[in-house]
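Next come two complexes, and both contain chain A; in the first it sits with chain B, in the second with chain C.
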Partner chain A sequence: MTPAASALDIRGVGKSLLAEYRKAANTQTKIVDLFLAFIVATGVLQFLYCALVGTFPFNSFLSGFFSCVGMFALTVSLRLQLSSEKNVEKAFGEYTFCCLLLFFVVFNFIG
Partner chain B sequence: MTGRAGGKRTIALLDSLAILDTHSIFFAGLAARGHKLTYTLATSPRVTLFEYGQPLYDNVVYFAPTTTAFTAPGLEGSQTLADFVAQGGNLIMAADVDMSDLTREMASEFGVDFDKKRTVVMDHFSHAPALDLKGMHTNVVSSNLIENEKILGPVAGRKGGAAPVVFRGVGHIVDPENILAVPILSGMSSTYSAAPLKEIPAPSLASARLTNAGTTLGLISGVQGRNNARATISGSLDFFSDAYFQHTLDTTGQLAGNELVALEISKWAFGERGILRASNVTHHRADGSNPEHLLATKEKPDLPFSLFPDPELNRQSLVYRIKDDIIYSLVIEEYDADRGGWVPYQASDVQLEFVMLDPHIRTFLECVPETGRFWKLFKVPDNYGIFKFRILYRRPGLSVLAVNTQVSVRPFNHDEYERFIFSAFPYYASAFSMMTGFLVFGVALLYSKPQKGDREGKNLKKE
Partner chain C sequence: MASSSSPPVLAIFFLVALTLNQVTAQVDSFFSKADFERYHGIAKAALESRSPETVFFGTKLSKALGGDISSVCTSAVGLISDNPDDLETVAYGMGALKEASCEVSLGAAETRAMKTLKSGWGAEGGSFRCKRLTLLADLALGGGKILENVETAVKNINKHRSEDGSVLSLPEGMSDESTDGTFQLLEIIAATKVTSKGIKKTLERAADLLPGAEGSDGEVDAGADATLLSALATAVADAGGPGLSVTPAQGEALARILLKMKGTASAKGAYKVFAALRTLATKFPDAAPEALVLATPVIEEGAVFRVECRNILGGEISGRSGGVELEKVVALGQAADSVTPPRLEGSGGAFEATFTGSRVGVYELSLKVGGKDAVKRFLVVQAAASLMNIEVGVSPSRAHLDGKLYQVPLRGGQVKASALEGEYVSVSFTVAAAAIPQQAFFKFTNLATNSEILFAAKRSGIRSGAGSFVAVVSLADEVQAAFGHRSGEYQLSLVVGDVGFDKPLEQDLGALNLTFSSKPPVSHALYRKPLLWESDTALSPLPEIHHQFRQPERRPNAVLPAVFTFLVALVLTAFFRYLPRVGANLNGFPSRGMALFWNIAWLVCLLMVIFLFTAYWMFLKGMTTLKLLFPLGVTTLLVGHRAFVGKVKAGRS
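What follows is the complex of A and B.
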């Protein structure tokens, strides 16, 4: 393939990916994905802030950043589980338990 | 350390008793201020300055430049006057053209180096011809007086200052790096010191010293020791004489300023002016609370009674904390006999340092004029350890004021740190946003209705 064609190809791939996503994903998945995007944005913002201002309360930075990372991991696991599990409440219940553990740790470390 | 003020027991050591007559106005002036004068010959065998180690006199007027040796058992050569000043006594010493080696050595004990033997101070432009015996212009008229109100009193200063003074004697130099010495009377720019009738030697490698001349030529200098005792050394005995006090200057027709200047100098020289003392040193926090003691006394009933339970620890040490606001204040007074003794001191340049090996804070104290109270509010720095409040105040004409007060500074207790750190607010916000996001997400996930066109969730083999 010529390079120009492959560039077009990438854009084409992206467009078709987005179209497939809109068609294939159901509301549940979209909600989870929104939440994931929010978590990523928060994490990136925090990281930028730390890079600008410095790591003064380092434990606070680690704890805040870890809350984002941990939530991201847990939410991705929930998304995986939801796509194969019919019982939403059971999945969400396990998710809640893990999140509470995460919050407990974050709160103690944030100072 | 504070200076000793206003001692009145004065002894005059003289070459001959004729000096009493030729210098009667000077001694009368001293007596009029309340000095209890004793006159003896310097060579008298019964002169004694100390008795059982204590000085018998507060001040010495040494008008004996030609004395070559002391005969009294208590006086030991050139160290005599230096020992007296070292014990806190004040001194006015006058040399003369034919001064002895003893006088020369005694003056050099104070850092005043007189010019070589047989040299005289001369000035062909600024001199008093009426007193000149041999036409050699040795009676120098100088108006180069130090402009210091503590030394010369109200006479100092250009406007309304003292009239020029007449001086006949030997010049001296004082090391310019000597911080204890103050030039009170110096030569005019046309004054020089040389052997009359002899050629002035050209400066060469052999003679390291240039001719002493000009405005750096010292005629009268004052030296204040580290114990705040003062020695004033004049190169002329005639400066204090009645003839010079009563001399009328030829150029201006006014009376020479000798009497005024000599008596004002003697006030400074004998500690009747320019002595500082500090009292009532206090320090406390800005909100009025006092610092704690380092260790609270704890009852130990099982130990036997002792007056020194913890001898290595200073229980009385006062403790501040870093970042405390503290106020330091003290009262400084100045002794001025003309203004009635101890009066409150006024200045805007008294410096306070908060020192632990190096000053961490250096600031001027604020002055309250009527009471002489100096105070300052400042914040303790972030370093902890043993600090001291240090005031080391040196000004020309005033005695040295050195006040040190030691305190301890401790770091924060574990519960005195700020609870929430301002720069960590974004991290707090993100953690809370995660939690609220989880709640919102949970509500959205569990209670959202499936929409048209949603694919059914993959059916597990539940049925």
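What follows is the complex of A and C.
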């Protein structure tokens, strides 16, 4: 298999996967996934800043980065609950409470 | 160079000499006015005491001193009435009433008090102390009121003596080695005034305790009890006679010991000492030490000096038959040390003589009273003195006249000059006095530090006259030891004194500006090996410690954070941009009714929580934040609950 053919196959798999996702996933799941993508992008940018520019102020970097990690974990947890079709409002309420708690810790540590 | 090697020592000699006239004034005065006042104070305090023994002896002391004892009757009756069953209280209380000649009634307490006294004598083998108290109380009451037969009681005491009167055995509980037994017996003997031939040996035994007795080392009673000594003195006085082998020298030795003990603060000790001294002074005048007091220890030239002969209590001895003889006069520190003694004229206790033909100075007088050994007293003859012809010089050589001389008038003008380290500062002066002064000093006083440096002046041949002095100070030699390299203005003065001067002479000479080289650094080490610090051996300052501050963190170019901020904002924009594409909308948000209210309220609460967190980050304290967060969190919880409940209900419908 030539490299060009391999690339085409991968692209085809991606398109197929994306089409299947759009078809199967509901709106709530899509919104959560978009938010997850935003969180990941923000975390990557912070890590790049730390690697390329410097860690000062280090505690602020840690706060920001772990805020992204914490939010990602909480959001993934929310997504799982949404997928299981349980009580959505209850899950969102818990998610909100946990996020506020995480923010309090982050603000406390941000310096 | 003047003899300036030890200025402080010379200064001390100088001060000692100046105060000699005060020292010689402190002659013997055995029982001074201050002593009488102190004893009056002791008696007064004792009369206010709650101790019956203290009140008793305070009464006796106050009575002996001629003080007021009017309060004794009330206080003694009060003491006995308060405690009529205590033998000591009753006995001493009765004694105090007797001493104060009180005719008072004890009332209901009298019966119990008498019973207490009778029981104090007790049966055979009773306490010797109780017997003594009872006997003394009975004697105080006139005898026979407690004890039916005083003579029997005395015999009971006398059973401790052999037939010839010597001590046969001591009362029960007393050690033969202790003087306490003898003291108790002596006190009873003194109180009962028993006259018998046998008392002689007892008193002789007591007399053995006296210093100066045969076989005694003379130090027996240096720390003896005042009561014992008083009992001895009283016994010696009461029983004194040709049969008693107590010599006048022993009596005098006893009196001297009593005088050493007169500083006691107790009423009992004070009374005993005073009574014993008075007894010795009145009944044994020959045995009592006489004090020859030089009433005029310091006199002017040719003045009259006075010698007083006083008794042991400090009073004049009246009616003495013999006079006081001035046997020898020695001039101290003078070439012709022997002076013809003048004849003392007078009678009784006061004698005078004129000290003519002698120069100023200190004289040792050998005085004889009667046939006794001569005693020595010191007489100081003084005269006025003054300073003349004072010149201060600053010269490049040691010779006083080589340099620049500054005249110093005796009154008025002052020297103002300067000198360098290599120069010499000198002063010459003449003392106009009848005697050559023993101390003459050239004093430098640093005006900045007030430290004084003294240099001794010595006799000079520069000027005629025996009283010429000169002092030359080599600034180079004294810069380290005396001046300590302290440059600046120094006040010059002369200090001249002698025991023959009526007052010390001090002449201000003016100010002199001295310039010295700087102090060389000390290079020698204190120790060969460092004890703790390196400076122990180096004696140099340790290297200065430069504090290392934390280096500031490297800051990136301001553009880079801005770029990353922009990138994050771009991602956020993309997030919001793609939200509608994935189907996000606000269609589910209630548009009216209470559901709208609760949803908006919930969002407001969330925003307020976020705002509170931001405020905490910016300026709020943790505890303040928690206090605000608690009600806000509860509100958010409740509001959110209502909003979600409404949402669920709307979904079901």
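The criterion applied here is as follows: the second predicted complex is superposed on the first by the 102 of 111 C-alpha atoms of A that agree within 3 Å, B and C clash if a C-alpha of one lies under 4 Å from a C-alpha of the other, contacts with A are read in each partner's own complex, and residues count from 1 in each chain.
The working rule: a contact is a pair of C-beta atoms (placed from the backbone, for glycine too) under 8 Å apart; a residue touches a chain by one contact, two chains touch by 3 or more.
For clarity, every value in this text was computed on a predicted model and none was experimentally measured.
*Asks:* Go through the superposed model and pick first if A:93 touches only chain B, second if only chain C, both, or neither.
*Replies:* A:93 contacts chain C only, not chain B.
*Asks:* Using the touch definition from the top, say if A:83 reaches chain B (first), chain C (second), both or neither.
*Replies:* Touch status of A:83: first partner only.
*Asks:* By residue count, is chain A touched more by chain B or by chain C?
*Replies:* Ranking chain B and chain C by residues of chain A touched puts B first.
*Asks:* Does chain B (first) or chain C (second) touch A:42, or do both, or does neither?
*Replies:* It touches chain B and chain C both.
*Asks:* For A:31, is the partner it touches chain B (first), chain C (second), both, or none of the two (neither)?
*Replies:* both
*Asks:* Now for A:108: first (chain B), second (chain C), both, or neither, which partner does it touch?
*Replies:* second
*Asks:* Quick check on the superposed pair: does A:53 touch chain B, chain C, both, or neither? Answer first, second, both or neither.
*Replies:* So A:53 meets both chain B and chain C here.
*Asks:* Shared contact residues on chain A for chain B and chain C?
*Replies:* The answer is residues 27, 31, 35, 38, 42, 45-46, 49, 53, 56-57, 89, 92, 96, 103, 107, 110 of chain A.
*Asks:* Spell out the part of chain B that touches chain A in their complex, as residue ranges.
*Replies:* 421, 423-424, 426-428, 430-431, 433-435, 437-438, 441-442, 444-446, 448, 450-451, 454-455, 457-460, 462
*Asks:* Using the touch definition from the top, list the residues of chain A that touch chain B in their complex.
*Replies:* 24, 26-28, 31-32, 35, 38-39, 42-43, 45-46, 49, 53, 56-57, 60-61, 63-65, 67-68, 71, 75, 82-86, 88-89, 92, 96, 99, 103, 106-107, 110-111
*Asks:* Where on chain C does chain A make contact in their complex?
*Replies:* Residues in contact with chain A: 553-556, 560-561, 564, 567-568, 571-572, 574-575, 578-579, 582-584, 606, 609-610, 613-614, 616-617, 622, 629, 633, 636-637, 640-641, 644, 647-648.
*Asks:* Could you please specify the touching residues of chain A with respect to chain C in the complex?
*Replies:* 27, 30-31, 33-35, 37-38, 41-42, 45-46, 48-49, 52-54, 56-57, 87, 89-90, 92-93, 96-97, 100, 103-104, 107-108, 110
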